[in-house]
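All chains are identified by letter, namely A, B and C, in their written order; residue positions are counted from 1 within each chain.
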Amino acid sequence: MTQTSSQARPERRSRFIDKNLWWLMPGPAVLLLFVLTILPLIFNLVLSTQDRFVSAAQPSSFVGLGNYLDILKDERFWNSVWQMTKFTLIAVPAQLVLGLLIALLLNRQVPAQGLVRALILLPMISTPVAIALIWALMFNPQLGVLNYFLETLGLERSLWVADERLAIPALALVDIWQWTPLVAIILLAGLQTMPEEPFEAARIDGASPWQLFWRITWPLLQPTLFAALTLRMIDALKTFDIIEVITQGGPGIASETLNVYAFRAGFEFFRVGYAASLLTMLLLLVTAIAVGVNLLRRTR
Amino acid sequence: MTFLRTRAGRDRLNNWVLNTLLLLVLVVLLFPFVWMILTSLRDQVQNTSAIPVWWFWPTLQNYRDVIVGNNFLFFTFNSLVIAAAATGLGLLFGLPAAYAIARFKLRGLAAWILVSRIIPYITFLLPWFLVFSSLRLIDTYLALIVTHLIITLPMIIWVMIAFFEDIPIDLEEAAMVDGMTRFGTFLRIVIPLVMPGVVTASILAFIYSWNQFLFSLILAGPNTKTVPVAVFNFISYGSINFGGIAAAAVLITLPVVILSLIVQRHIVRGLTSGGVKG
Amino acid sequence: MKRKLVLGIAALMVGSLGLAQNFNWEQARGSQIRVLLNQHPWTTAITPFLPEFERLSGVKVVVETFPEAQFRNKVLVELASGTGALDAFMLTPNQEGNLYLRSGWLEPLSSYVGNPALTAPGFDQADFFPASIRAASIGGSLVGLPIQQETTMLFYRKDLFQKYNIPVPRTFAELEAAAKALHNKDGVAGIGLRGRGAAATSQLAPYLFGHGGDWLSANRRSRFFDAEWVNALTFYSGLLRNYGPAGSTTMSWPEITSLFAQGKLAMFTDGSLFKSILDDPRTSTVADKVGYAAFPAGPTGRRTPVAITWALSMSKASKNKVATWLFMQWATNKQNQLRVLLADVPASRRSAWNSAEYKARDKTPEWSAINLEQLEYANPVWNPPVVAVGEVRDILGRAIVTAINGGNVRDALTRAATQTNTVLDRER
């Protein structure tokens, strides 16, 4: 008797666990992520309604939406949005185009396939701080190797990131170098999981490789392209390490994106409340663009 | 020219052109690494000469400076401990969560976990700093491991969902008919089957935790400083030490490169599984 | 000579041991303090001697160093947290002092210096340069012990000036003429000056004072509208645009000293501290060709270098104040100030400069003489005297970059003035 009841209890318990598994299993992770991300986010929102300095040197006060109204009048904010947009609009399309080309190059019998794919990964898995330092050395107007190449090719030396107009394109170049491989790898996976039948049917109809690509590959690749686009858009808008290490937003504020400006406002000017509202604006923009890209994809 | 008229000949030419193009791509992608290594092996005079010195007698002095003069091994140890622990805990919390999302089709939860990708990390920094300082946890492994979970946990969940979805449900149902509980099935049947996925997810999580710079900059101290921060410190007072910076960059990149070369196939799978399903 | 030096130092050590018998160095034995330091030659020079303090006092010192920008961030973040995990740190009182003091983060030190139970008899506060003590005092309250005292100086290439027979500039006009004459000669740019935004403000300051300008008016409004400002910035940016190295808007002192050390600059003006990089053959290809001169005189006819003081300060939230104070007075005592001076760090104590040891080993007496002479009249206010210094430096930095890039100086300064006044309004 006693034996059966002591057996029944663990069984009941395991049945309870099985029935509630759908929330017991993700529960701890969700709780942890809530504490790690959502709580700070709420804290940040609260901060953004205050005119709060980092210390008692200036009293803090509740200002409601005051910070946000100030932001709309802040030319530096608009500059940072513009630089962020420029950076993203240069980097992401280039990554998609180049990534697609590389994916197509890889989507056939390639000599030393394993090694090639491993090498292609290197830019995106290397430590951003290290990469940024190396690019900063290569960009150096006096001693950098890039200017040496330009001269060898008979072109004029460039100031690269030291030139106000070139700072963002040059930083975008680093981003393109770093993240095109990811796009290529994602698109390659998309190419390799495509069904064979439509291609065979078209080949029987005598379609040229060019027609094959535009009529079949391209439409079938759309979902993967949008996934890569979303992923890269979000990350490009938030780029921080590379800009902070190479230019610190300079010359002047010529390469200061919204993320970098918010960091300045918070950790250099110590205007915690204002920085919090800048970060909220950034979050809103990133979310809006992520949602926008997804809506665009639905309508296609 | 006759071979161009045959189909095989055309294919061969095509292939040759495409392979050359691919080689060109590789050269561009790898050049910064080559330059980094060359710079790390030259002395300051060679590195600052107006015309790049391509042939030279390599010196290991830069590496000696970085390793001996900067306690590099200690920072490497810190990075290792933090990345390994954050990855381990990420697996502990992330595997059950990913399984539940895959099996119980918790799409909303999956999307919500992606949200943590959207939020700029800087948003978390100040709140975390205030909390950790009042708990006197600044400069402890605990603080860094917990914050690095923000990188490892979502990544592990996201990569693992795809792997769990690939496990045929019949297998699990068969095990449950044999009297195993669902959780038991998960532990004993499913996890061994997704081991390749676990390896992939762990390595990716480890790499991105290893690379993390901002959190350690603010939350680490003398006892827990990680390699990226240490490398940044190497841009020290005095003239810009090209060779030293490059040597430090090589040392920090090396473990990641070796890891990824060993398991590149898995990494490709991991990186694309999230992306393709998008 | 080396032996004489060793003997000298040994004598000093015996001296300090003798004092230790009267003064209780061990009153905080067993405690541990945490110190944040800038990656600075002072830090490099003092670090090897720290075990000596640990033996003397029984206090364990945990030191962390960061490059300057990260260092400043880190100190602020730590102080703001209010946890008291930080005990002592390096401070440029003219930059963050005002903010930190008003935030209640700095421990006033006057009561420590005057207390014989806490301060060893040989400490001798009067030995510090008055300029250094003034710089380390805010509103009459001593908030740090000076560890180094630099002044703006002109560094030039002796060989090039000789070769082209150009006199060492004594005025701004001569400075421009020299830059013009040497620009693009022998692969050098005529002159290097900081151009990277905020970092450039402190080096624009001596040119501003040379043109007779100043930061704020008596009623605390920005004076950037003034003609003196327009003239100063026009001159400064003109030098860089016409005779400066390519990409000067990205350059602060590391880039400029690097260029000079690689033989690519004819001259530059910046803190006297940087001598240590330039005359070291391991880091400089022009080590034996560096000339030193006083900062030239502007249209006002006066020489107007600025004096930059680094100090060691105590956090008000520190839980080990006695141990921290013991460390601070030890680190800035006569012996250690001499040690750092011997490592080319411009010390803030007269006794170090006047010591026989230093005089015997001084390879560049002209540099020493200029630094000491300039201290008599150098202006210690090298930053706009506001609480939100970082923000105003940044605002000005943008005007400087605009000017170097050929933008309208008056417009840029007008914009900067308006923005600065907004910041000042917040501080009322």
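FYI, contacts are C-beta pairs under 8 Å (C-beta built on N, C-alpha and C of every residue); 3 or more make two chains touch, one makes a residue touch a chain.
If you're wondering where the values come from, they're calculated on a predicted model, not measured in any experiment.
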* Asked: Which chains, taken as a pair, are joined by the highest number of C-beta contacts?
  -> A-B
* To do: Could you pull out the chain whose C-alpha mean position is farthest off from that of chain A?
  => C
* **Distance from chain C to chain A - Cα centre to Cα centre, in angstrom** => 40
* Please work out the Cα centroid separation of chain A and chain B, and write it as a whole number of Å. => 15
* To do: For chain C, jot down the residues that touch at least 2 other chains.
  => 73, 77, 262
* Touching two or more other chains - residue numbers and ranges from chain B -> 48, 50, 232, 235
* **Multi-chain contact sites of chain A, meaning residues that touch two or more partners** => 143
* To do: Can you check the complex and tell me which residues of chain B touch chain C?
  => 44-45, 48, 50, 129-130, 133-134, 136, 138-139, 217-218, 221-222, 225, 232-233, 235-240
* To do: Could you please specify the touching residues of chain A with respect to chain B in the complex?
  => 14-15, 17-18, 21-26, 28-30, 32-33, 36-37, 39-41, 43-44, 47, 102, 105-106, 108-111, 114, 116-123, 125-131, 133-135, 137-138, 143, 145, 148, 177, 181-182, 185-186, 188-190, 193, 223-224, 226-228, 230-231, 234, 238, 240-241, 245, 259, 262-263, 266, 272, 276, 279, 282-283, 286-287, 290
* Spell out the residues on chain B that touch chain A in their complex, using ranges where they run on. => 15, 18-19, 21-22, 25-26, 28-30, 32-33, 35-36, 39, 47-48, 50-52, 93-94, 96-97, 99-101, 104, 106, 109, 112-113, 115-128, 146-147, 149-150, 153-154, 157, 181-184, 186, 207, 210-211, 213-214, 227-228, 231-232, 235, 242, 245-246, 248-250, 252-253, 256-257, 260-261, 264-265, 267-268, 271-272, 275-278
* Can you list the residues on chain A that touch chain C in the complex? -> 54-58, 141-143, 157, 159-164, 247-248, 250-254, 264, 267-271
* chain A-touching residues of chain C, taken from the complex the two chains share -> 69, 73, 76-77, 79-80, 99, 102-105, 195-197, 245-250, 259, 262, 264, 387-388, 390-391, 394, 397-398, 401-402, 405, 426-427
